[in-house]
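What follows is a set of structures for review.
What follows is a pair of complexes built around chain A, which joins chain B in one and chain C in the other.
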Partner chain A sequence: MSEYSLEMAQVRKRADGQWILEDASLQVRKGEIHGLLGDGGAGKTMLMQILAGLCRPDGCVTAKRNGQITSPGSGAWRKGIGWIPADRGLVDGYTGYENFLLGGRMDKTLRQRAAELQRRYGLMDVPLDVPAGRMSAYERMQVTLLKCLVWQCDVLLLDDVWRMMTCQQKEAFSALLQTLAREGKTILISGGEPRDMMAWTDRCTVLRDGKTVKTVSTALTDAASLEELMTGTDEAWTPDKLEIAPGSVVLEVRDLRVPGPDGRKPLINGVSFEVRAGEIVCLTGNDGGGQEICAEALMGLRPLARGRIRLGGKIITRASTRDRMRSGISYMPAEENGLLPDAPLSDSLVLHRYWDLAMQDSGVIRKRAVRSYAADLMEDYEIPGDSDSPARFLPRQDRLRALAARAVERERELLIAVRPTEGADRQTAWEIHQDILGLRESRKAVLVITRDVEEVKALADRIFVMNGGEIVAELDPALTTEEEIGLLMTTGLRQEKYGRMTEEDE
Partner chain B sequence: MKRKKGALPIAWTAAVLLGLAAGVAVLFLTHAGQAAEGLGQLLGYAVSSVGRLGAALRFAAVLMLLGLGCYVSASAGGTALGVPGQFIAGAAAALLGAALNQWGLCLLLGAAAGCAWGMLPRLFRGHAAGAAVLLDWAAYFTADALLAGLPFQPGDKAARLAAVHPGAMPPALGGSFVNAAVPVALACAAAVWFLIRSTTLGYEIRACALNRQAAWNAGVRVNQRETLAAGLCGGLAGLAGGLFFLLDASTYALSGALPSVAFYAVPSALLGMAHPLAAVGSALVVAWLRSGQTALNKLIGQQDARLVAGAALYLGALALLAWRGMRRGK
Partner chain C sequence: MPFLIRQTLVYAVPLMLVALAGVFAERSGIINLALEGIMIFGAFMGVLFVRFVQQWGWFQAAYDAKNYLALQGFCTLAILFAAACGAVFSLLLAFAAINLKADQTIGGTALNLLAPALVLFFIRILANQNTLNMYTGDAASWFMLKKAMFGYGRTQQMGFLGSTFVDKVYVATYICILVFVVMSVVLYKTRFGLRLRSCGENPQASASLGINVIKMRYAGTVLSGALAGMGGFVYVLTTANCSANGDVAGFGFLALAVMIFGNWKPLNICGAALLFGLFKCIAASYSTLDINGDGVYMLKNLNINTNIYRMLPYVITLVVLAFTSKSSRAPKAEGIPYDPGKR
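Up next, the complex of A and B:
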């Protein structure tokens, strides 16, 4: 009997004209917690999807399941494998119990077994009678895990689940995984930071540019070595942040309220803050905290029930999105919501200024000007390729660079950036952070919406934590730990200081 | 990775040739003895006389407009589901307007009715697809009921319309075989091409299809643009309906005409959905084969002739669709 539950050697996979995996190999022992570590774009999620049987590799020298040669993606391969993605693992309209039935069979003892497992693993708080769409990202992930346990999966593949967890949740979840591993479950977990991997896993395989670099025992290495294996360099990639005294108020938001669908509970309520020139304010929170809705409201994409928005002294509460852009707001949406994947990259690069007189004349697009602008932007921000190529053919890191380039190049009065470095590797994240810090040095105001606590700590001059659509804390990054931010994000406990500020305002 | 610019014309030509080869293969398999003569008629009938060429071009004009409608709809990410209803609505409006005795006005009425019919399903938001299918049937029965009282009725064909309202029929240009319908369709193709590929409005419509959320984030009024595209598609389909019935419809009972038009319009639209020029080329090819098929009817029977034309048209269209799917998946 083989000691390995999953084995794959020299896996290759191509998508959108690029090699996502070129030579990835992995051996996962039975009953171990194995980490799959790599920078953004290293190929972790693709390898996990192949291991889960969700997509087939273009080439693979060896594929063994419990020591038996098995075709990847076949029924024999998938048997006993539980797939737990970061999100989108559940059908939104189904309750937790109804989601259990997907991919399984009708079973009268389902509720009973689920209840037993909830008691056994301390998951009593997981809401199984609520539609998945109303659960937080962490709860959704817990429900997906519980589903795999109900269906007695012996291998659990957790893809990038870290990014939706706070420090406290990470600790609790780590303990649960240790318990499952002791009971004989094989666990493969991808993403995260080297120090998380050190704390959570027994062994760790490092991927870089679609190739396996090394598999190491975490007891015999340290986080710095793992970091070096990931990036191939010992560079720290720490952004250079200068001391700058904030100037006058650029963005003033007062008592913002966005109504919920069908008159239900408001999506955000009573949100007030300011962003000054030469200042980076981070708005952070868990999924569903309301920080991204707030960004959309600031851009005029959401109707307001109440509140006032002032940009540089001018009230823009009722202005259209385009007028806000004309007034000096630059918007950088998250990567999946910012580009036109099947259109030439030049079309994506002018998406936030095609109406500009430099790009059109009486409603007719100036194609030559668009091409020239796109080519210049790509050259300035070192985005390789051709502006006529579809955006989806670009590597993700270059897509992120393109989004950042589009947002920062005109140095407007205010930049609103949503998850600007999600999925970025160390170098790209550093470059984007440098661009944002460059705006700060040019005395521009920046509002960053992110759930990455490390990014918050690296960039912010002030931090606002949101939970349940309300600001629950205003924090000074110099006086705050990541653990404190995580606690405020998940519990929604209103920080005393912020509570007083709200009362005074009222 | 860069896409080759000439890929679409090459793929379109290959799809048309593949379709023709399939049609010829079916002809040889079913009627080996008459295959050579049949092939000659299939390919040569449309150009065997000026009158036949003119008839093929008139039919091509109708198909061009339908293909352009589907192109506009696809550009905005739509499915062109309600096109039959828009075609019928446009036809009914044009025929009802025949009393005005102005063919241009009749066509405008047809386009307006098609446009309205195209926008109607958007009122049902999440149920637009279902509403479009229901509106197809609503158009079909409403039009039959409305047209029952007209002075020109089934059996007398266009001749009767020419006698009652001669000004309602698009004229031949300068006494030639080219009917006014052809320049109307070509002008529409040029306008659609310019609108979708070169204007800010077309850019917004395409952005809605390429990434609805990204377009919304850029301040594009997504719902409004999608409704506008649906209206444009409907307008073109309505114009096609008006042209078809004002030109040389075999009957004014719409129920009889629709399946016949759809048989040719579906592959024409599929072949032409990728580009306005492809819509024009596809319409010409389909109309040319349809003309040949009428000659084949006499030689090998109507059923077998339809089989040959169907194999040529549908296999070609499916080949192009498959190519586009593979290209997107790469």
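Up next, the complex of A and C:
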């Protein structure tokens, strides 16, 4: 028997006209926690999917499981390989228990086995009789893990699960992983944060631009050199943030309330805050915290039950989305709903101003003007590629850059950016952050909606944490730790309060 | 009243069966817009089967000897044959949508255009007219249950239940109900059904559990084709005297509406189909409809234009759909080709 549980050499994979993986190799020992470190767009997810048997690579020199040659890209489940993506691992309409049933033969002892495992690994709080669509992202991930354990997988592929966890959850979850590894499970976990790798993995393979750079033992290295291997430079990518005294109030939101579907609990309940000129305000929270719905409400994409929105001197509570944009808001939506995936990129780049007389003539789009405008914008912001090819064909990094370019190019009074750098690599994130900080320097107001605590720390002048549709805290970034923000995001409670509560429970 | 119930069932049953066919495809992730085309094809093949078998004289002896059991068996065979042909026809859609990853709406529309043209072409060749009829006799004399078969005389009454559910009905209707129940159970209560439905919600998660998404989607589409082909034949058997003319009066599209109206769930579909069937029945026979048996044709005496009644089932569907489709929830991954290599 081989000492390796999984081996793959020189995996290649092409999708949407680009090489996602060019030369990825990996050897995972039995019973270790193996990290797969890479920046956004390095190909971690694709490699995981190939290992999980979800898609076939275009080329692969060797693929072995326990030392035996296998055909890559199929039948992984039967070989004991379980795939645990961040939160896409369950069928939404099914309860946790029904999701378990999908994995194998119907069996009367299944429920019993699940309960047993829940007890053993301290996952008693995980709901199994609730449809997965109603669980939180973290719960979905835990149920997916439980699913793999119930069916006795001995390899667990965890794809980017740390990203959506707060510090406390990371702590608890990684301890669980170490228990599992001690019991002989092989764990491969991907992520983009060298410090996590240092803290929780035994060995770590670094992936950059679809190629394996190196596999290192984390005991013999440090976070800085991992970071260097990952990004390929020793640049730190720290944002240059100047001291700026904020000016007058640009956006004032009072008592905003967004009704829920079918008159149930409101999605946003009584949110009030303001954003001043020359200031970046971060609105953060977990999935379902309501911060993204808040952004949509500000742009007029959601009906309001109550509240007032004032921009500059003007009340825009009932204004149309286009009027809001005309009166000085520019909007950077999240990547998945920002561009038209199958239309030429130039079309996407004029979505915020195609009604300008420069772009249209009595309702007919001036194709040439649009093209040259798009080409100029792409040149100014150094976005490679062709403005005529579909946006889907751009790498994620460039799609994010295109969205940012569109949002910041005219320097409006207020920028609302939703998850501006999610899934970006270090350099792209830094560039987008520089764009946003540039707006701040020219004394514009910025509202950033994100769940990435590091981004909050990098940008924010003030932080609002949302939980369950309400603002639970206003924080000063200089006086706050990431742990505290994380705790507020998940529980809506402050640290000292939380501490007291657990004491009372005991 | 017995007449009203009987006729309602005649319209409602094929409709709900075909709606269930739609559910099978959509739950597996394929939008089956071709239901209409498959119904037309299934109806034609079923009639063709009946015609040829009559021509060869296989069941003539049974007919002459009034062996009703054998005739019902013949009818069942024809239904099975129509189902098989529907399944084969739906393979075209499955291949285009699953292997070639074509746009499912366009694929379905292509089949809808293909089926009537193909069917009419063959009918012209075979029968040299626009309608393909049975070779001899009519559907009622061959396949319909009559009270005489159970020893009742011409003037004897069968009682309410008898005259509603036994006299002048086709066994085919009950076969359809049975199939509807069985297939609903298969879809919602078995492991196969659980797996099939998971492919329409989150195919990647299913694939990671070793479920073959391609195979499941083929299964969903082919079963859908079988049910639709069967529904098509039963429809022409019970309403058009077992003749095919390349048309099922838009029942395939109505079935899609019923499916959405029924929120992709069998019980709701059943209710929706019955509602539609009731109005369709009123539309077809309002002038001779005697609801409470007092000899007064109330609906006729209202003096409302015939066309209003004819419109009624469709208007009702439209209105109900407009109000209910807001709350209905389609399978999440339907219409999206399964392409594991995509990011």
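The criterion applied here is as follows: the second predicted complex is superposed on the first by the 488 of 506 C-alpha atoms of A that agree within 3 Å, B and C clash if a C-alpha of one lies under 4 Å from a C-alpha of the other, contacts with A are read in each partner's own complex, and residues count from 1 in each chain.
Just so it is clear, contacts are C-beta pairs under 8 Å (C-beta built on N, C-alpha and C of every residue); 3 or more make two chains touch, one makes a residue touch a chain.
Just so it is clear, the structure is predicted and the values come from calculations on it, not from any experiment.
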Fit or clash - chain C, chain B, common chain A: clash
Which of chain B and chain C A:16 touches, first, second, both or neither: both
Partner chain in contact with A:454 - chain B first, chain C second, else both or neither: neither
Which superposed partner A:89 touches (first chain B, second chain C, both, neither): second
Which of chain B and chain C A:55 touches, first, second, both or neither: second
First (chain B), second (chain C), both or neither touched by A:386: first
Overlapping segment of chain C (options 76-84, 112-120 or 202-210) - the one that collides with chain B in the superposed model: 112-120
Contacts on chain A seen with chain B and repeated with chain C across the two complexes: 16
Chain B-facing residues of chain A, complex: 16-18, 296, 299-301, 320-322, 324-325, 331, 333, 336-343, 347-348, 351-352, 354-355, 360, 363-365, 367, 385-386, 388-390, 393
Residues of chain B that touch chain A when the two form their complex: 1-3, 198-201, 203, 206-207, 210-211, 213-219, 328, 330
In the complex with chain C, residue positions of chain A that touch it: 13, 15-16, 20, 45-46, 49, 52-56, 75-78, 82-83, 85, 88-94, 98-99, 101-103, 105-106, 147, 262, 396
Interfacial residue positions of chain C with respect to chain A in the complex: 191, 194-195, 197-198, 201-202, 204-211, 327, 332, 340-343
